[in-house]
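Chain naming follows the written order as A, B, C and D, and within any one chain the residues start at number 1.
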Amino acid sequence: MSLLALDDVGKNFGGLVVVKNLSFTVEAGQRVALIGPNGAGKSTVFNLITGVYPLTSGRVLFDGVDITHLPMRRRIGLGVARSFQNIRLMGHLSVVENIMLGQQPKAGGLAALLTPYRLMPRHRWIEEARAALDEAGLGAYADLSVDSLPYGVRKRVDLLRAVVANPKMLLLDEPAAGLNERETEDLHDALMAIAAKGVTLVVVEHDMHFVDRLCERVVVINFGEKIAEGTMAEVRASPLVREAYLGGDATVGAGHA
Amino acid sequence: MSGYGEAILVMLAINIVVALAGYLPLAAGQLNLGIAGFMAVGGYTSAYLTSAYHLPMGVGMAAGAAAAGLLGLLVAVPVLRTSGIYLALATFALGQVIQAAFLNIEAVGAAAGYPVKPYAGFTVVLSVAFGVLVAVLLLSRTRFALLLTATKNDPLVTELFGVDVRAIRVAAFSLGALIAGIGGALYAHHYSYLEPQNFNIMLSVYIALYVLLGGTQTVAGPIVGAAFFTLLPELLRAGSHWRFVIFAVLIILVMAVRPEGLITGALARRLRFGKRREAAS
Amino acid sequence: MKRLGTVSAIALLGALAFAPAVQAASELVIGYSMAKTGPYVSLANSNEIAADMAVDEINAKGGVNGRKIKLTKFDTGGNPKDASAAVRRFAVDDKALAIVGPFSSSECRVAFPDGERMGIVQMSMASSAPGLTADMSYAFRNTVDEGKVISDVMETFARKKIPSARAAIAYGTDDAVSKAIGTGVLPKVFEQYKSQVVSTVDFSVKAFDLSPQASQLVQAKPEVIGFGAPPEMAIKLATELQRQGLKARMIAGTTVADPDLPKRMAPAGEGFTIGTTFFRDLNPATKAFSAEFEKRAKAAGLPRTEPSQMDAATYDIVLMYADALAKTKATGDDANLAKERTAIRDHLAKLKNHPMLEGPISFGANRDSIKPIYILEAKQAAWTLIDTHEPK
Amino acid sequence: MSGAVFAQQLVNGIMLGGIYMLIAVAFTLAIGVLNFLNFSIPGIFMVGAIATWRALENGWPWVGAIAAGLLAAGVASYLVERFTYRWMRGLDHEIPLVSSLGFLILFENLVLIGYGSDQQTFPALMPDFNIRVAGLVIGTGQLISLVLALVLVIAASGLLERTRIGRGIRAVAENADTATILGVEIHRVVPALFILIGLLSGVSGILFAMNYLQVSAFMGHEIGLKGIAAMVIGGMGNIWGAILGGLLIGLIEVLSIAFFGANRADICVYGALLLLLVVRPEGLLGGSAIVREKL
């Protein structure tokens, strides 16, 4: 059974068709990339999977559960977490508090909500959030406002916030965008380490070199439709894909698109 | 202590309570322009129960707070389907309706007002206000407070991280209404008289101003705001006529220089972090 | 820097809270709770002139019991909470023997219970909401019962055969005094004088548009309209009635007694008849008072220089206090303060036909004053005295 | 109630609605374009009327006095823009609201110091400023207000549709950042809009004074609150909605006074507003403006 399955998914905004008859699956533990030209509907697919937009047609299955109509806040409990293209950290919270938003206190309900944890500097949640930051090499930033951080650091905090939710599947929206070579390399290593723990990765990314190194499988969409699927090499051979990327055979797979 | 000082401290204490009532929903990004209405519900409920049924003042106040909180819950559930400005306007309408309703209820004197018998003196008012303050401070150190800020900052992302944003908003709003009820009950029992005319829109607006001027990101914000609005007109007393003009100009200037309020989260963090660094060195 | 801010804020708070006012021991202190700013400014800020006048006159004659009188003032801005603060300051910090004011009924409601708890006399110059002084013993008002005033107006109408068979009632519904006049006083008075009430309309005292009410009155065609609301509303209703073409005589009690009212509502207010407790051209004393008042009001740059009934009432309150201080041999010494304050109360409560500027004043069962009522009619943009009712 | 009185009451309601309209349009422009609940509008309304009254007291001719009132209102509104919105654009929507309230307090207290709390008599333009038709009395000031409101709204929509500054305003209403990228000079468009809002409020205040023959420091309060209600009922940001909302609020107020008494009128007016916000928050004429933001 696949971890994620999109079954004939469609999405219209008013009269505008953004996603059409889209079906693909992701197996547990896989590293999959979702690529396509600008405006192909990649981010919309993420929004459909996470429930930000309701589907116009079709269904979404996750871990054997039909989540098509599940409220978006319930999906993280099943194991779906995501990062954001335009880094959406909470500017009024500190770094460690942003990480704590990612933490999913499992039991306790109201008690978990109302524990005055900040009165206890050694509280489990704070400890865990700080430990996660230390592990990611971000410990020095823990008590700063996120607004004051450099772009690369904010990007890593955004990713870490999704990771601490302990998801089964991580949706990453352009994780490498805006990073320099060194940072991209670090990101690659970090994602490989996350994957090694058994987390499934689905990545939207324009940096084909990065995709090529990270992902085992690629799904290509254009105008909301799937036009190719397979390994990077297979996809690269597809004439439809070449056409989609402005007919330029050099752009696909060679560096930054 | 001087009689005047006591009177000012009582005003300050009640203003802090109602500022906290406005702060909780504002921390989650909702402006309540009907706080005076919730105060009226709390005040009248307590006054009526203690006068007509001779219940003890503590019971009356608790009932007043509960009534205001319950009303908040009833209003918040339908109205919070929408957000932002709509909630502000709905609460404004609600405040007007509550005021107009009390003008029509003869059992509590309608326009003539309602005398309140049990008297809450200086000590009682300050103790209750202190209790409310401690409760809100404790609350501000929980995950709930974290989620309030996150909800205000970015409701969509907060929801994606598994938070029922609407429930958080409803809870913040209703808790605020409950605290406003306590504030109203304190007012009723200290000033011994309730008039519907006192609980007008301008009172709600001023309470919202306490919070926005002080800052919506920390509990210190509404306290500083309430102190600013209570003490400044007293300090400007010498200017008599001009005091409200100076006061208005100060509001405009403060908001121009610190649009997020006098006390921001970043400032509070800097102070806290600074302290920690000092302790470490 | 931050710490400096905190420290100075605490210091400031401390200064506010703990600094008692410094008093010269040789003076007898009277508190004056005034609504000099805020919503009542136009009615209340001239009271201060009358109060100062009274104090100056007393001190010019050597004061009371060999000591000068000192008026210590507190501006409440018309706000009940501040009126409460004022009582506390006068009673605790200033060691006042009695308090002039507060002004409005809303302030009295809050300040009277405070005064009761602290055992200090207060006397309002303007509040006329019914029943405010019941259950109290230190709360006085130098104002009269609206029922008596309006009844006097109707008695004058009956005596002078002014047509009043068809009557209507117009009152403010969200103000205690106005509503009491509209629902309690006027129906009873009209019944007593055999006037048939053909229409009753109510309005909010904040309303600006009285067209629906006027339309109803126009249809009912009354000869007199009993009116219960503040003066501003009288102008609005008279103007609107004129616009819709109704000629009826409006009558009212002391709520609309504004010296400038006929001028402000002219020509719509022609024939408006009210009962009040002060008339400037009554006798040499009132004329002299008015002349001196006018001089001081001009010097202070006030827009209105003619004294109102509240100004006269304020003046008389100070004089009554001075008389009470003299009769009770008050010293203002800390040790006897509570006893002396109570003695003042007991003296005032027994006052009978005490000759004052407004006429002979007594205090009734609830310590509301009983004094002459002057019936005034608006003629050519001025009040003219058409009748006087001495207290029985 | 007889037919004649009911007809008169309908006229009264529509005429009162005419007064509410203009102020509702001013509120709706501020909300629709700038997402700014501008609480200084009742203050500007009052400033326009007071300035006109002062000028008349000083013996100015009517035209000059009205021009002075409009100028004062325009300047006041520009000041509000200068010291509230300009410094706070892009922050939470309730922040400029605080400063606009600061301005309301400022304007009212300045007038309070200058002219007292008394309501002042505003001179009548002519002895009987009314039209009498078939037993009905129609206030000319209200009628002018009603007609003027309609004319101004048609003119304003024309302005928004056809002129450069109008297109700029609409672009800002869509998205201020995009508008800036598209080359809209936001630093000129927004002040222009504020001056327009000021003039509308000023006209409204002057017509109010001519009609009710009174001005005072707090004259803007009641009408401002009703104007907000009218704006919401019509649909925030929709100019025609403000017209409809103004009429409806006027009618609800007058008819509820006539049938249930004045102490029930506020319950009816604000109860209707509350009900509408629960049932149909976008207002009667408002489209569904609540679109999920894009990630």
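Convention: a residue touches a chain if its C-beta (ideal position, glycine included) is under 8 Å from a C-beta of that chain, and two chains touch if they have at least 3 such contacts.
Nothing here was measured: the structure is a model prediction, and the numbers come from that model.
Taking each chain's centre as the mean of its C-alpha atoms, the one that lies farthest from the centre of subunit B is A.
The two chains most heavily joined by C-beta contacts are B-D.
Taking the mean of all protein C-alpha atoms as the reference point, the chain centroid lying nearest to it belongs to B. Here the spacing of subunit B and subunit D, counted between their Cα centres, is 29 Å.
Here the CA centre of subunit B is 34 Å from the CA centre of subunit C.
If each chain is reduced to the centroid of its CA atoms, subunit A and subunit C end up 73 Å from each other.
Among the residues of subunit D, those touching two or more other chains are numbered 112, 263, 265-266, 292, 295.
Multi-chain contact residues, meaning those touching two or more other chains, occur in subunit A at positions 52, 84, 88. Counting partner chains per residue, subunit B has residues 103, 110-111, 156, 241, 244 touching two or more of them. For subunit B in complex with subunit D, the touching residues are 26, 29, 31, 78-79, 81-82, 84-86, 88-90, 92-94, 96-97, 99-101, 103-104, 110-111, 156, 201, 205, 208-209, 212-213, 241-242, 244-245, 247-249, 251-252, 255-256, 259-260.
Those residues of subunit D lying in contact with subunit C across their complex are 2, 4-5, 8-9, 12-13, 15-16, 19, 112, 115-119, 121, 128, 130, 132, 137, 139, 208, 212-214, 216, 218-219, 221-223, 253-255, 257-258, 261-263, 265-266. Interface residues of subunit B facing subunit A in the complex, by the touch rule stated above, are 138-139, 141-144, 146-147, 149-150, 152-154, 156-165, 217, 265-266, 269, 272-273, 276.
Of all residues in subunit C, only 2, 9, 12-13, 16-21, 36-37, 75, 80-81, 84-85, 87-93, 106, 109-110, 113-114, 117, 129-130, 173-176, 178-180 touch subunit B in the complex they form.
Those residues of subunit D that touch subunit B in the shared complex are 31, 35, 37, 39, 83-84, 87-88, 91-95, 97-99, 101-103, 105-106, 109-110, 112-113, 225, 228-229, 232, 236, 263-267, 269-271, 273-274, 277-278, 281, 290, 292-293, 295.
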